[in-house]
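The following block contains the structure, expressed as structure tokens.
In this document, chain identifiers A, B, C and D correspond to the written order of the chains, with residue numbering beginning at 1 in each.
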Amino acid sequence: MPRPRLRDLGIQIGTMPIGQYNAITDVPGIRVGHTTIITDSPHTVRTGVTVILPRREPIWENHAFAGFYALNGNGDFTGTHWLEESGLLTTPIALTNTHQVGLVRDALVAYEIERNPNDNGTLPVVAETHDGWLNDIDSFSLRREHVFQAVNNAHDGVSEGNVGGGTGTICFDFKGGIGTASRLVDTPSGHYTLGVLVQTNFGDRPRLRIDGVAVGRALDFSRVPSPWAVRPPGGSVIVILATNAPMLPGQCKRLAQRATIGLAATGCVGHNGSGDLFLAFSTGNDLPAYELSHYALKMLPQTQMDSFFEAAVEAVEEAVLNSLTAAETMIGYQGRVAHALPIDDVRRIMRG
Amino acid sequence: MPRPRLRDLGIQIGTMPIGQYNAITDVPGIRVGHTTIITDSPHTVRTGVTVILPRREPIWENHAFAGFYALNGNGDFTGTHWLEESGLLTTPIALTNTHQVGLVRDALVAYEIERNPNDNGTLPVVAETHDGWLNDIDSFSLRREHVFQAVNNAHDGVSEGNVGGGTGTICFDFKGGIGTASRLVDTPSGHYTLGVLVQTNFGDRPRLRIDGVAVGRALDFSRVPSPWAVRPPGGSVIVILATNAPMLPGQCKRLAQRATIGLAATGCVGHNGSGDLFLAFSTGNDLPAYELSHYALKMLPQTQMDSFFEAAVEAVEEAVLNSLTAAETMIGYQGRVAHALPIDDVRRIMRG
Amino acid sequence: MPRPRLRDLGIQIGTMPIGQYNAITDVPGIRVGHTTIITDSPHTVRTGVTVILPRREPIWENHAFAGFYALNGNGDFTGTHWLEESGLLTTPIALTNTHQVGLVRDALVAYEIERNPNDNGTLPVVAETHDGWLNDIDSFSLRREHVFQAVNNAHDGVSEGNVGGGTGTICFDFKGGIGTASRLVDTPSGHYTLGVLVQTNFGDRPRLRIDGVAVGRALDFSRVPSPWAVRPPGGSVIVILATNAPMLPGQCKRLAQRATIGLAATGCVGHNGSGDLFLAFSTGNDLPAYELSHYALKMLPQTQMDSFFEAAVEAVEEAVLNSLTAAETMIGYQGRVAHALPIDDVRRIMRG
Amino acid sequence: MPRPRLRDLGIQIGTMPIGQYNAITDVPGIRVGHTTIITDSPHTVRTGVTVILPRREPIWENHAFAGFYALNGNGDFTGTHWLEESGLLTTPIALTNTHQVGLVRDALVAYEIERNPNDNGTLPVVAETHDGWLNDIDSFSLRREHVFQAVNNAHDGVSEGNVGGGTGTICFDFKGGIGTASRLVDTPSGHYTLGVLVQTNFGDRPRLRIDGVAVGRALDFSRVPSPWAVRPPGGSVIVILATNAPMLPGQCKRLAQRATIGLAATGCVGHNGSGDLFLAFSTGNDLPAYELSHYALKMLPQTQMDSFFEAAVEAVEEAVLNSLTAAETMIGYQGRVAHALPIDDVRRIMRG
């Protein structure tokens, strides 16, 4: 029986309408691909890579405005120096494990240089969380081909839970993973979609809240033990936000900053050991890479940002919770177990 | 009958112990003074100034490490360029209204140059929120003497609600004002106090939450009407965090950044029209202004920041709610009314 | 006999063509006004205020994109939090002395609220340098009317030297003041102008260079003594850059950052005691304050920024040197003397 | 005959004394290792990796305070998110080519996890410049072993020119590479050393200046042709600054920011296509990775930073010029030639 999404439990975060799949791919043109690696020999591997393609056409031919924000920088996210300098997203986005950010980054270089004759030093955007509790991370098991496969797999709709970069992650001491959500935003300048994708690897169980309810305090730990023998000091969460509203780079950054508020609702504190790194991009303007004269742009007035801020807060909270409801119990490296969020208990607690 | 504090309602935010007065002045050496101006002629004035003295001795003789963070910069906060460059708080902190940030800032210059023979271009740290709905802000009614009076008034313990810079503010469509709270933090490096003071002028009533409960949705609006004829686009909140733990400037900045998470718990989104500006400082090291050789410092290891992050999240949430429970209904400019948070209704809703 | 501009000495900085007046007002629509206060009783006052009006129409009705950069933040510059958050310049820019930044800022509030019925908390942009060696800065001699007068005086063309906010400043141990310069920039997207205005109050004489030549080392100090009895620890320089090229906020910030390179050419190090604060804005897009739908914008491709970077480097160097060649010897507070740059000596040294 | 260093030409930058080797390794404890790869088959490889070991003991056992600054972010520099969040340098620093930043970064992970039992997600600090004109960069020729070799090679003293990460770089249209310099700084708090290492891959020849002299304009291009058939849009420069003065993270950042001023003296504009990324660290405090209580630190007062700023400006200028004087003419990919800076011509021009 497939695991439910949060809304299947009758729990609705916020008040705004959702897109067709309640996924980041509801933003037109965005596709997501995962490569999931689960093997038990020669190494116990529980890892993978998730790739987000921001546009239907190659992003190196038609850039997108973007902004970055770090709630807590205990993690890596390559390519952000140029992204922040130029305000441009110029490569696909990938999410993976901590030890192989480099491999994935160079693989995206290799992928592009075969296809983009104008390449002149592409700077891929790759983030990571540490899956070393369930995954034998020191085996460095990802290969260039796994990255290519994720790119080539990309399609509409997003698998959640134990997939891609979220294959081996742990969230609020339950099995975490990939989650997604979306919101429809109606403004004086038009109807737009905002989508979110998260890779969740953070949180202390007693802090877990769902729509304000202190679920983490109410859960019976004896029935669903913590995965840890010795709790590691950190945990991380990567948040990617996307919209087709015409936002400038600074507006994307403002949007990214609001991920903190959605995460806060789930119980996130931004702990010292955590890499809580957020990137937002807008496909609302076309930015051909080799424009000769100037760009003609649209810009959402700043006064219309509030609806997007509210949408981001709702969608980030829901995406995190979707990663928890979707993820299944996993047995990993050295026989360690990360239990799935016990859906029935949650249902009961939420009923009050 | 005096208005209660949140804890008087039997509501406790988080799990950490509080300081003696549950106030920013629980951090040793910190004092707070208010000047509150409520007059009906020649102008309807509902404004004031709040001053925080960071140390028992003048802060220009013994600086404090500090850090600044803007969740949303739609406001002013003077003196932050040097504070961010040097990591030093070198002047008292003042909070006031939007139109007279300048007056208060120059008044603090005047105050210091009379007392500090070594003054060489003091750059006072002054923040603001816009109280123009209840206060005839265009009357520019604050005078230099009001600022001096607030400095001279400073003492242990903090009055809350309609006082000082919070005299005329509005929060979640109720009367807001000044609020405060504190937490005791126990770490391997020692026992410390963290204190918070807020000036609250933000929030949409339906978003108000108290300890996760959606109080704003449950309140009966017909009994406690909104203050607005036409809702203004913004609202702001200033958060000052202080601790005697020995934090470096970057650690103060990290602490300030966590104010967002405490505000998020109350229903803050960081709207476009809002000036959500936070400053944190540490008195845990002595930094004499005219050190000739070098400073000998203590530094809290980064791995011990988590308890302070959690304390900040708890104390910020509680300080905002204290500003609401303390503030009394106010009639102001052009007869406008901002109602106090209805305590009995809150009590009922929180009981579930 | 009027003091020359640098070009009158046959010295040309860089290779790019200049605008009609080699001034910031060469950028269409920009006007500059000074109020200069030189009195000997009751106080020895050598100060003033300079106002830049960014557009022909009120800037609060038609905003401009802008960006800010601090090389060294030992100074104040109000209004930058909103400017950085929104990317928008929404008020006139004023330059004045350190102790009365607040007065000037509140005066611009007063000026706007009389004229802008939609005002909702204007946050004026005001910078300062410390003129306390020649000016009795503790006399707080500026009044609101002086600010209004500078606004009302604003016109095409810029007086340089001992005027406005630069009345009492000192630069490379000579008399400094206001300087300006401009460059014409030819790009695939059109012909544009870049203009610079500086208020110079920084620099150690031995470091002074003109077009690479170490003039400061070659000058005979005995003939032109230093103004200082005891050298103060700092000194500051404010740089305002403007262009009619259609730059986004992030591009304005990049442009502002290049002021460092132009200053470096004159001998600036960005000393600890210095407030080296730079603001760039673009009038190349119209941004009506109350846009209902969305803005239609032009954007210069990032690949065309280089010509503007080079123009900024040239114009900043020249504007600083213009402030020196224009400023006349001044006798000020307590009989202190700041000598003018000795033009004949410079001419001789530059000839080699 | 070996190529000279700048001082061998009788040219001295600035006035401050230099360390024993006029190299970054003059800062006690710092070692530098290069792996240089020059092969003609199967690929024309002209690349390498340079590693800086910040302390005698492993940096993951004893961290160093550090700060980062981007003049122009068109490049990558991994690991900066945690470096900026924590203020800590926790890994060796490596410099390499653009396409294999990832390989080098993951190799440093592998290197550390074999040696550091407490590793918990190391985030290596690796920067790049694009050597694709002389190097067949798409051959991805670096291997993990090359990185290990550079680490193991590290020693006192620094080879300059066509070595390590600078093997294939081009600077001011001449052959660039690795350069280094140092300065001794005398302050009230003690005697310290400041060292700089640069990897130079930037600059347009006509802009080249040496100690203010416009050498680039005076050079005869016909005798030393430019390397380019089609000039690429960018170029980059990485600057690493180090000192044993006890600086806090914010002070390191301030120091890094001054690299711009030293680069400006050579003719750098911070062009759009350039990755101009600077990192400064201080070994002046011991920061054991697993401190249980608190750190006892020294801190240089901010008022003593000026000498270090001046030292940084001098040493950065000289290090860039040393990279040029040391580098030899190189023939690379597709027979392209980058000529060495013609020393005799420079000598002649500098004599005036």
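In this section, a contact is a pair of C-beta atoms (placed from the backbone, for glycine too) under 8 Å apart; a residue touches a chain by one contact, two chains touch by 3 or more.
Only a predicted model underlies this, so the values are computations on that prediction, with no experimental measurement involved.
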Centroid comparison with subunit C (C-alpha atoms), farthest chain: A
Rounded Å distance, subunit C centre to subunit D centre (Cα mean): 34
Centroid distance [mean C-alpha coordinates] between subunit C and subunit A, Å: 44
Subunit B-subunit C separation of Cα centroids, rounded to whole Å: 35
Shared-contact residues (touching 2 or more other chains) in subunit A: 72, 85-86, 233, 254, 273, 302
Category of the chain touch graph - line, ring, star, complete, other: complete
Contact footprint of subunit B on subunit C as seen in their complex: 70, 72-82, 84-86, 98-107, 109-110, 113, 120-121, 123, 130, 132, 138, 140, 232-234, 273, 275, 277
For the subunit D and subunit B complex, residues of the former touching the latter: 85-88, 188-190, 246, 248-250, 254, 291-304
Complex contact set, residues of subunit D against subunit C: 71-72, 209, 212-214, 233, 254, 257-258, 260-261, 264-265, 268-273, 302-303, 305-306, 309-310, 313, 352
